[in-house]
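First, the structure itself, so that you have it in front of you.
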Amino acid sequence: MTGTVGIALVGSKFMGTAHSNAWQQVTRFFDPPLTPVLHSVVARDAEAVAGFGRRWGWQHASTDLAAVLADPHVGLVDICTPNDVHREQAVAALEAGKHVACEKPLAGTLADARVMAKAAQAAPGRTFVWFSYRRVPAIALARTLVSQGRIGEIRHVRAVYAQQWGGPAAPAVWRFDASVAGSGAHGDLNAHIVDAVRFVTGEELVEVSGAVTKTFVPSHTVDDAVLFLARLSGGGIATFEATRLATGYHNHHGFEIHGELGALRFWFDEMPYLDYYDATAEPLVRGWTRIEVSDGDAGHPWVGSWWPAGHPIGYEHTFTNQAADILTVLGGDEPVAPLPDFAEALVVQAVLATALESARRGSPVEVGELLLAD
Amino acid sequence: MTGTVGIALVGSKFMGTAHSNAWQQVTRFFDPPLTPVLHSVVARDAEAVAGFGRRWGWQHASTDLAAVLADPHVGLVDICTPNDVHREQAVAALEAGKHVACEKPLAGTLADARVMAKAAQAAPGRTFVWFSYRRVPAIALARTLVSQGRIGEIRHVRAVYAQQWGGPAAPAVWRFDASVAGSGAHGDLNAHIVDAVRFVTGEELVEVSGAVTKTFVPSHTVDDAVLFLARLSGGGIATFEATRLATGYHNHHGFEIHGELGALRFWFDEMPYLDYYDATAEPLVRGWTRIEVSDGDAGHPWVGSWWPAGHPIGYEHTFTNQAADILTVLGGDEPVAPLPDFAEALVVQAVLATALESARRGSPVEVGELLLAD
Amino acid sequence: MTGTVGIALVGSKFMGTAHSNAWQQVTRFFDPPLTPVLHSVVARDAEAVAGFGRRWGWQHASTDLAAVLADPHVGLVDICTPNDVHREQAVAALEAGKHVACEKPLAGTLADARVMAKAAQAAPGRTFVWFSYRRVPAIALARTLVSQGRIGEIRHVRAVYAQQWGGPAAPAVWRFDASVAGSGAHGDLNAHIVDAVRFVTGEELVEVSGAVTKTFVPSHTVDDAVLFLARLSGGGIATFEATRLATGYHNHHGFEIHGELGALRFWFDEMPYLDYYDATAEPLVRGWTRIEVSDGDAGHPWVGSWWPAGHPIGYEHTFTNQAADILTVLGGDEPVAPLPDFAEALVVQAVLATALESARRGSPVEVGELLLAD
Amino acid sequence: MTGTVGIALVGSKFMGTAHSNAWQQVTRFFDPPLTPVLHSVVARDAEAVAGFGRRWGWQHASTDLAAVLADPHVGLVDICTPNDVHREQAVAALEAGKHVACEKPLAGTLADARVMAKAAQAAPGRTFVWFSYRRVPAIALARTLVSQGRIGEIRHVRAVYAQQWGGPAAPAVWRFDASVAGSGAHGDLNAHIVDAVRFVTGEELVEVSGAVTKTFVPSHTVDDAVLFLARLSGGGIATFEATRLATGYHNHHGFEIHGELGALRFWFDEMPYLDYYDATAEPLVRGWTRIEVSDGDAGHPWVGSWWPAGHPIGYEHTFTNQAADILTVLGGDEPVAPLPDFAEALVVQAVLATALESARRGSPVEVGELLLAD
């Protein structure tokens, strides 16, 4: 199958830039079955969106989402707006018959997320959520190694997402405002590592066993940090921590996973590397093997489309990798690694809501309780 | 002041070896105000203890603790036995008017620990607990930097103690038996990192906000892993994790501490190093500074008594450093860094008990509730 | 000044891809005074170059370099071909009045390089050489720190460029053929680290004091590895090593530089990081500071045009950074960091030739001897 | 065989301390076939040596080496004096029928070393040289892996020994005085890494292909740094660098070795670890494996006599390990790893002399030329 799909981008800030770049770059480095047409970018400020559109090669710039949704040349709506408008925009796009790719977290609230997942179920379009760290090659390799049974039954997970930008000196942005963002570090950062742990382990978090939320900066109406403990569907136990006040860390996130037969360790500070411990290896030379996940010939995901081994890709490439996989799926083929849809993102949202509920109640809460509530 | 103090060592296994070595080495590398006399080693097996005594230079080997306690040449009783007999032995030694240095955790149960702390209060002898990781130079330097205000108000602590030896294939030792050990990874490993965090931050854990205990190996009657969340007296929040089933880690423990003005990071896997982030440094060159804590001339603790900078000490030296500090205190001088006594170890024990209680209740529990109960 | 400059790319392999990407991306992330127009790509295979041109957005694809050089819409000729044709192509472009940006090494032989540098001197066009690793932010920051006097007088340099792809199993490519490449690891890899050391230190290599060349694979007519020792203009001494048979290293290159007042360390395996040791810092906390060179607000070069701090750029961005600086220079402004021209690349070429001459003679050779010969 | 051997230690400074400690500790942690008796310590200052002897448990302290050599209770003479007196002391001891263990380098000059090796050949006693870094477990494991053929034919060696203490501010010690030390960084530091490379690879340096010596500090009469290139007996090539002015490094030494089938990497800054790259491993998970060489059960050398895996030993333990191996050899058994004798240390000395000769001549010099000269 060959052909094109018209893209409408909603939002033109940090994520709008990352997504525009991905749609521009994807056909340079990949050969997806569908070619994206950068049809329209939509944002509130007419002048700004026009400039953004020119810079990034969008054919049209608009402030009228409804009009764009009515355009039959648009096949996929890519949502990069603050969390509180995801629901309205995504549902409208789905009802207009479009495919929808939405930034994470799926929504600011579990209720919104539930509405979105239902709309997705009822609509003809495919849905995607930009848990783009799944497309870090080292993280996807971790998933492959787990799925091959290399580390056996999982006992421990330690997941952290620590940033430092959100202290008292940070400018007042929507991410600190509960009415827009829904939550703070939790939805922004824990969302990523909850998704990553699910993706890599293939397991679900079944219970949040305890949680702490903390707002350090008085003017913030969202959490600045959320810690929680969880039980996994396979019997393992896990710690999660998200914070925007971890002095020293610009963007430190990752996980350590210990299984019966081995272990895995990934930190985004050293993006190209996955550490793998094979407990079944010969004792004399057993240890943590640092795999530079940059070698297409070795079977490392996505990197064969980029540069030779040892020539690293960066942050933005995770979006391009995801754009390639979205186009692959829309073209009827298999993505390099599974893509999350609204139904799956709802599960992440339920985990996040369960953590907050656990903190509120001061007791363990089953994820199913919130996920299945209606 | 100069003089000698007779030591009686109780126990002759792993810790007995480490302590014997410390008492032998301390006067080679330090000049403490009191010289230890290796008077007696006491253990249950007459033949084994005799051999141990000869190897390690103890003047006497005995199976009769009471007789040893009655000997006026013994001034300090050093207890290296399993947790369940700490109370009886320590109380007897205190009642005999001796100083007591006891291995950690103070006891197998909070009740025992409370009895011991009370006995200590009533007795003339000084008490010490072998939280020997306090005497890792990098950990003591971390404490110094915090106490100098370098990282400001503490917001986050992340403490982990992960080992891998305790899986199904491990031999059945007393450490897996609740009737002897009291707890498993919790008392053995969380005890260390709870003490280290208190020592470094100068703060107390005031609440355990959630906890999970897990026994992976059916034949074990103790926990194999315990995770918990805590609130600190200064307003920060913390995660603690101890496990004996973290495949890949022989003896991985340490902490990351984020404050308002800086951060600290230590992992025992790289024992000589403390990482320090000074958030007030010039932005152009700001980053994590890896301090090789091996330079006596730079003011690094203890190392000036050992080798030139860059020539590392190892695990055993933490015990020798502690022996030096104990002798210094008994001689009337100030130790290089504060030594924990029974009262302080009782606080650690109360934290551990609070974590178990939080897991049992499925709710947050204040440490004071258990500490102050009688 | 605003306006455009037409680019003609010569070559369409690995470097052709990297350069095409740079010319496409540069106006998305930077606002250079001149906008590049991707006018023509030139290569030998008509069909292949047409496909390449379509994929990368070149307006024209051609097999006729002379015709392209005759086109007045072309302002800059970007040469990405094998080393043996650099001279002919560059001289033709210069004589046609174009600016020329040439891949490194400047040529396969010192004689060719000398001709090119002379042609550059005589022509109106500006010349540039793609020593693109200068535009790794960490390397440019190293240069800044040296130029600020932070490490004082330089005593030691240790530079290595080690790859592993060039063993007996590698396919026979032009890089192993002396008649095309001129040299092997030496021109390919030592060229980079010689330039990087000159760039960072601001010093010249004045003597090659000893050198070893080695061809491990019998079918290769170039060196597989070249080691050499050098004296620097400031009195320091240096080791250089380039090899394509360093098992374990995909693309390991970098340097350690020790000065009177401090030291610097960079390895491309961990591209975002520069390690800086400030010997004048307070002894208690002195150590190697790992600077994550990703923070535009901190003054780190180029990265402010890309993503927020902690979101790494990769290999390809060094080319885009260079494209931005070339356009800046052509537009009459100052580049973020100095750009090498043909005259400067001739110096690198003379150093490389001096090393080979030193190996041939079995004696020290002054760089000036070859550089100044005619 | 059981029994004792009387030790006479000559010298009471840094190395005297390290050796005294080794002789004291060896029977605590090992069960050698011979038990050392700390018979006599000999040094020039009567009062100082008496104090040293008391502290370290030597039975006698003396200023009269001849008298000590005449004592039939002394079986092994352990020489820790400056390089210029090694010859006289060692020859006297050998002629007195003693075994001799001498600090490295064997002598200050090749001529002295040759005399010593000849004396050793003629005497009944065994000789040993304290290349104690051979007894770092990670280094000995590297040797084992090479000897098992795991990395195949060796192509590249990169060896560095960098310290920073020897700048203008350092006190004037014998190590800066050519008449006492013979050489500076070269004999002190290159001696170690030349021996380590020979030990690990099992190969000889057959040619020094180029060398640079440098004295940065005017008051020093020895070299402050020596760099050299070498060819190995197996066809590989190598770089060596020793310096006392590498700002930032207290005691940074180690090597990287690349073979046909794999590679090894060791740096003393992270003493417990050996990095091993197995190029024959499955491509998907191939990488550098960091082996924590602390696990006696895994077959790691010496560590089983010390502490459980993950509980590091330090600098001093390399001496104790060597003491154990010396006693093992004297008792008629096989050491854990080969011990260098005077004949082997003469080879190291010849390599060092060859490097200086290569620097002097400005040309390559075969090691055999100097080694075989008489």
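Each chain carries a letter (A, B, C and D) given by its place in the written order, and its residues are counted from 1.
By our rule, contacts are C-beta pairs under 8 Å (C-beta built on N, C-alpha and C of every residue); 3 or more make two chains touch, one makes a residue touch a chain.
What you see is a predicted model, and the numbers here were worked out from it, not measured in a lab.
*Asks:* Which pair in B-D, A-B or A-D has the same interface as A-C, with over half of the contact pairs matching by residue number?
*Replies:* Of the listed options, the interface copy of A-C is B-D.
*Asks:* If you tally contacting C-beta pairs, which pair wins, B-C or C-D?
*Replies:* Taking the two pairs in turn, the one with more contacts turns out to be C-D.
*Asks:* Please work out the Cα centroid separation of subunit C and subunit D, and write it as a whole number of Å.
*Replies:* 41
*Asks:* Could you grab the centroid distance between subunit B and subunit D? Build each centroid from C-alpha atoms only and quote it in angstrom.
*Replies:* One centre to the other, that is 36 Å.
*Asks:* Could you put a whole-Å number on the gap between the CA centroids of subunit B and subunit C?
*Replies:* Chain centres of subunit B and subunit C, defined by C-alpha means, are spaced 54 Å apart.
*Asks:* What are the residue numbers in subunit B that touch two or more other chains?
*Replies:* Touching at least two other chains: 249, 288, 292, 295.
*Asks:* Residues of subunit C touching subunit B in their complex?
*Replies:* Contact set of subunit C toward subunit B: 141, 144-145, 276, 278, 283-292, 295, 297-300.
*Asks:* Where on subunit B is subunit D touching in the complex?
*Replies:* Interface residues on the subunit B side: 14, 18, 20-21, 24, 27-28, 55-56, 163, 165, 249-252, 269-271, 292, 294-295, 306-317.
*Asks:* Which subunit C residues qualify as touching subunit D in the complex?
*Replies:* Listed in rising order, the residues of subunit C that touch subunit D are 151, 155-156, 158, 160, 162, 164, 167, 209-212, 214, 216, 225, 227-229, 231, 237, 239, 241, 243, 245-249, 258-263, 265, 277, 279, 288, 358, 362-364.
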